[in-house]
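Here it is, the structure in full.
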């Protein structure tokens, strides 16, 4: 993984995060237009599309970059790796986060263009309530636990299906519909549609996500204590060596 | 499995059952709020989220504890193992059941908090009719048959997907929406929402579930007679050795 | 396979077909009760439950009996095997068909009991139109093509997922909602609910299904000509030898 | 693959494309009839049936023809192969495209017959807006990226599930509901129902699809540069050699 061309890894993180946000925002717009009478049905359409799309994106870009698409995942990888001399370097972490955030914004703009809307909008959808912030903590803790729990038990090849399924559940069981991703959260500011989030709600969401990531990493440390050098995290590394 | 730290196994059963109930109750609350006009649509949203979440939880905690999350499964494991000197010990069974029940209650409370509701409530949803109790017998018999049928044919690696899919069907084809789990049943008393169950209905449900578990184990004994020592039951053991 | 106790094979075919019909009929009743306002939503709930349940039943009983649950599949297995001295014997075929038909009726009765309805009813749902009969021909041809196409290419381990997915599509793309199974058709006569079929429609449906099976087997013979002895058909045989 | 009987390969492409269009159009008719009150629900029923059906068709016909069912995929295979002396020959490409287009039309006619409608109709559903054409570019780029990205990383065995899931997402996140296939687009002209497309919209859709295919192939070249001879593309080749 570390021998890969850095440009290709950053391109993969940019494209993957852009397409992820494009899927979330685009399917949200479609759902809102086509099922105006029932918000739950809109969310079911939105979450079903996201499950399918996220799973495919992890499969597609995993072998290049690890398919993080998420600064919380990259930070956890960096942090877990620091303790054992593995994982993302600090420089790679910075590159990943920039690529992810730019991707998140680009994906939102692409979705708006496809649906014949103004390319750049600012969402007015306020979401920061106490319950929603608890929801983001839970959602991100679970996401990190799934990714690193599978990696520690040598089952990263299952990550594409497992992460997609987890998000499919978390859309519904968390009160916040599970953003669980700072880059996606920033990207979703730029579409004033079903999946948007008002800028005022973003800082609290991101803080809750980082708290959740720390909790998730801690829980995995209790359930699956690391016993050797941490493998460089790749959600799909296993798939290549089956 | 038996060499694992007992505390980590009990933590896994506690967390797994808590998150399972949190998924069932939380997605039920979301469905009820977002799709007020159609109870079937609410149940579809609730069951879809549960399928995704349960599959991931079995994947995540299977290597530690076997991912029972269910006293009926643990009792069947203990019972099947006693005959052949394998399975959970009586002490481990007691620990599992306590961890599962505490987890079930904690999950209900967490869901209520995320959705800005009173943390502890008592459900008023009465469910004990003759048809529903027959439903619980059928639901639990099928669940036990799936888990132990796969284990006896050395395909426990498929349990995460198969158990999740089974519950996805049983939500709909049983009249009771398939609780099929005494710990989850107890936990769901503590949320007066879509997925709740009134305390007065709980004893009959649990009795029906234990009858169903016995029937399921008997049927599997007829279809797949045990021919050697029963392997310690782990829904995911196979996944680790592929 | 042929060394297995015949009683266990017939028990597996009886239980599997009974549970399949119980899933189809039971989830149909639930859908009709819970989503009274939209027949399409009822069918989506019904088909989703069937996809999950059918996949699990094939996994569960495949190693014992091949998980046919369907006289059209058993007849095709017998017919394809005759040409090469393999497959079900004529006696086994007779036993399979009887077990499947009895199971189909039992499953319908069980569903009615679970939902607090009269145990034995006769459906008044007339379905035999020209379009529906063409639909049954197409549905059964596709089903037989999927099962035997995977078997001929040594991928029977994928049958549980593939057959379930096929039926999930065929519920919708055929006009008849894809019965595609004489035993299930006979069983569904005995519940006057969403998934029922009036006795007067049954003979034409079964004839259409057998025509479809012959077409499916012929198409597979063109696309994947048999080049050696036909392996005894088991939808899951491959799973045991992975 | 190249040693296979050419007739069988063309038969597989014809049957696969016909059944794909039959699934798309047929489930669209069923959805429109059964869920008249909500277009989004119709699309959810339509897309769910397509996901299941497409995955099965790729599994079924992959070993014979590569399961392209899509002139854009065949052209990309031919183009990528030319550079390295592999892939479809020019003659095989011509045969594939003819078989696919004939299949697309046949599938539309079959769906109309099953639903007791006039066998040949011309759609009046105009779809060519700027947003929709951008949608087709994005949809086809993504489809080509998924297929060739998996092939370049030796994971073509995952194509059946990944391509089906991708289309399940693309139905929703693109504004055009993701035709992404010239043969399917031509076929869908011949049914004046939910999934139809007016002839006047077809040329622009096909041009957008070919532009998208070129973009997808270019992106995959950046992320996964080819380092050796391109393997002959088969979405399922890997499945046969696992």
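Letters A, B, C and D mark the chains as written, and numbering starts fresh at 1 in each.
One rule holds in what follows: a residue touches a chain if its C-beta (ideal position, glycine included) is under 8 Å from a C-beta of that chain, and two chains touch if they have at least 3 such contacts.
As the structure is a computational prediction, the values presented were derived from the model and not from experiment.
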| item | value |
| --- | --- |
| Minimum number of chain-to-chain contact steps, chain B to chain D | 2 |
| Centroid comparison with chain A (C-alpha atoms), farthest chain | C |
| Equivalent interface positions on chain A and chain D, same or different at half | different |
| Rounded Å distance, chain A centre to chain B centre (Cα mean) | 28 |
| Whole-Å separation of chain centres (CA-atom averages), chain A against chain C | 40 |
| Multi-chain contact residues (two or more partners), chain B | 37-38, 41, 44, 48 |
| Residues of chain C touching chain D in the complex | 37-41, 43-44, 48, 51, 129-131, 134-135, 138, 142, 145-146, 149-150, 153-155, 158, 162, 165-166, 168-175, 219, 222-224 |
| Complex interface listing, chain A residues touching chain D | 8, 11-12, 15, 19, 22-27, 29-31, 33-35, 37-38, 41-42, 44-46, 48-50, 52-53, 55-56, 59-61, 63-64, 110-111, 113-116, 239-240 |
